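The same chain A turns up in both complexes below, where it pairs with chain B and then with chain C.
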Partner chain A sequence: MFEAIAFYLFAFLTIAMFYITVTTSQALYALTALAAGMIFISAFFFILGADFLGAIQIVVYSGAVMALYAFGMMFFDTTRDVKEKHGNKLIISGLSILTAVLVVVIFAAPLVSSNIEAFYPMTEGVGNTQDVGMVLFTKYLVPFEVAAVMLLVAMISGIVLAGKKMDLSLTLMDEATIAEEKARRDEENKKVLS
Partner chain B sequence: METAYLIETVVKIVAVLLIFSALAGFGTYFERKVLAFMQRRLGPMNVGPYGLLQIAADGIKLFTKEDIVPTGVVSRIFKIAPVITAATAFMAAAAIPFLPSFTMFGYTVNPIVSDINIGILYILGVMGIGLYGPLLGGMASANKYSLISAARGAAVFISYEVITGLSILAPIMMVGSLSLVDFNNYQAGGIGDWIIWSQPVAFVLFWIAAFAETGRTPFHLVANDHEIIDGFGTEYSGMRWGLFFIGEYANMFFISFIIPLLFLGGFGDGTFLGALAFLGKVAFFFFFFLWTRAAWPDVRPDQLMWLCWKVLMPIAVINVVITGFVMMF
Partner chain C sequence: MEIGLNHYLVLSTILFAIGLVGVMRRKNLLMLFFATEILLNSVNISFAAISHHYGDLTGQMFAFFVIAIAASEVAVGLGLLILWHKRHGNIDLDQMSTMKG
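So, the complex of A and B:
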């Protein structure tokens, strides 16, 4: 009974939070509601006994991803309302309802045909942290490593894009070129300042 | 059975809330006294014997002070931000075993709200959420200094979460479990079994990161003292400001519980003596927070970031790799 109460409570809360996120025109409300929604989602993992995934949901989505959004928000004035451009309301609502129905159908279809079975059932007597680890490092090792490499690529490109003058290396240049370059820069700076 | 379990859990939650809210008050008193003695002053002396009733006076002041919400702030977020800080601090307490289980009136009590098997991960996650309090408070305040301090605080929190996570990875590999009770049982054999002897580097790293996670003095960048104003809390007054305070002190207490549990044997085999020793260790770590505040200046934000990414993180990663090799061969 507690499970049912918890499920409906958190289902309601999650939907309410994401509804606020989508409809509000105040950026801070959207940020807070999205973070709260992410935390409420972790409740479903806890109800299902997948403690590890629940904690990871909190750490990764609310702790890391949302905090990065928050850093993005530093760039504009969050205390003012955002002016939104509203297009054709009919198309927007039609498309979103269609998407929602599609998602429900995709996930409900195996349930209706009761054709659902676990590829990798839980091992008895092992915690679900160990279970996740076993599946991740045997069956899904290659996708896992590919994801790691992709993240590495993204990180390096992020550093290169953000860093200034990363393409020229002072160690490879000789002293004369460096001095020449510096003189040219100073000249340019003087022009800008005057 | 389920009803009994429900009642027991509710009682535990209420007990943890009340005890640690009160302890937060006492924490401020201890802090003022310890700082005063270290600076050759007396500290609070006038209210009650040795100034003990100062806590009550402060409480009355905080509760009855006018709750000002300045114009121009995003009022709902502004109001909810302190609650987030306090709530996440107390949520983290759900997975901490405060004492060994004991029998009272023929009823065995486990002084842990919920022994989930991912305890330490949950605690770190929830403490990570605690960053939303200062962050949202600063962003909603419509004050430039609040915003700067919030951004700085968030950067520190996120960076040092990396250190916390990586440093405890090595002990977790040794114990093979994320539950704090398992950590305690692993070290139950006595002082020789403590993880600090096999993982001294992880212990020091975690301890350093604990200062950043709680925002205590060497890394007290959420409210930078050189700016003369109180960082993200500038626009707050009364009990809303008090909630930030309670959150900070509760976090300090909980971290002081976690460090001995992870590295210093916790409550050992669960005897009365073990429990006493555990409380002694907790008291030492709490005292150490106050001690550093009296003894050390704040570091600059850029030094803090340098320390995190160029010193501590490589050490933590090397520690994990070495532990892995040692365990494998």
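So, the complex of A and C:
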């Protein structure tokens, strides 16, 4: 009973928030609605017994991803209204619904075809976090490490792309050019400060 | 009234459709990124629901990897977007047609 109430409440809230995210013309509203929707989605994970996934959802999305997007919003001038594409509404909604149903069919196809046995069944008597740790660090250790390398690559590429003068290498330059560069930058800083 | 797997799959469909509508109608690239986050999250819901349905942890594992991919996508995407904004002063999708044939 309570599960049904919670499901319908959070389903309504999530759909409303994401609807605001894709339809509003103000970037700030879209960002706030997206953050709220992410937190409401974590409620589904808690209902489904995936406690660790729900906690990760809150930490990663409303913590890290939203901070990045807030930074991006402050960097780009998104205070003015966002221009929209006005395509054929019928084609857009038709294609979207078709693709979404296709995704669900892909997910649901194994359910109707045959009886599936659990690959890594949940262990009785241990919490979800412990269970996830046991599976993640034994069966999924290699994908976990690869994901860690991928995050490292993403971090370095973010620094290199967003940083200033990242295409210069101090080790490849001789002393004279470095001194010249430094003097020029000091001059620029003086101009900015005064 | 029991909430089963079908309820979660239908919810996932609705959220995926909303995200796809957002991807198709947004012209600002930052707003397009918001829509892609919605797509990834709707798939995560169905992963968690199927994982619960079978009593199997594989679905949750894949949801973790999807979250990791989403986080790195945001980092690289925003870096590229900043580079584009520095050069051209806007992040309009329709103006990115330099490689158009």
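Odds and ends about this structure:
Here, the second predicted complex is superposed on the first by the 148 of 194 C-alpha atoms of A that agree within 3 Å, B and C clash if a C-alpha of one lies under 4 Å from a C-alpha of the other, contacts with A are read in each partner's own complex, and residues count from 1 in each chain.
Here, a contact is a pair of C-beta atoms (placed from the backbone, for glycine too) under 8 Å apart; a residue touches a chain by one contact, two chains touch by 3 or more.
Not measured: the values here are computed from a predicted model.
Partners chain B and chain C, brought together by superposition on chain A, fit side by side with no clash. Of the two partner chains placed by the overlay, only chain B lies in contact with A:Tyr29; chain C stays clear of it. Judged by the touch definition given at the top, the superposed model places A:Ala64 against both chain B and chain C. Of the two partner chains, chain B is the only one that A:Asp51 touches; chain C does not reach it. Once chain A of one complex is fitted onto chain A of the other, the partner contacts of A:Val135 are limited to chain C, with no touch recorded for chain B.
Of the two partner chains placed around the shared chain by superposition, chain B and chain C are both touched by A:Met73. Looking at the superposition, the partner that touches the larger set of chain A residues, chain B or chain C, turns out to be C.
Within the superposed three-chain model, A:Pro121 lies in touch with chain C and out of touch with chain B [touch as defined at top]. The least CA distance from chain B to chain C in the superposed model is 14 Å.
Residues common to the contacts of chain A with chain B and with chain C across the two structures: 31, 52, 56, 64, 71, 73, 78. Within the complex, the chain A residues that touch chain B are 2, 26, 28-29, 31-32, 35, 39, 51-52, 54-56, 58-59, 62-64, 67, 70-71, 73-74, 78-79, 127-129. By the touch rule above, chain B contacts chain A in their complex via residues 2, 6, 72-74, 76-77, 80, 116-118, 121-122, 124-126, 128-129, 131-132, 135-136, 139-140, 142, 147, 151, 154-155, 157-158, 161, 177-178.
Residues of chain A touching chain C in their complex: 1, 3-4, 7, 11, 14-15, 18-19, 21-22, 27, 30-31, 34, 37-38, 41, 44-45, 47-50, 52-53, 56-57, 60-61, 64-65, 68-69, 71-73, 75-76, 78, 82-85, 87, 92-93, 95-97, 99-101, 103-104, 107-108, 111, 116, 118-122, 131-132, 135-136, 140, 143, 147, 150-151, 153-155, 157-162. By the touch criterion stated above, chain C contacts chain A in their complex at residues 1-3, 5, 7-22, 24-28, 30-31, 33-35, 37-38, 41, 43-46, 48-58, 60-61, 63-65, 67-76, 78-83, 85, 91-92, 94.
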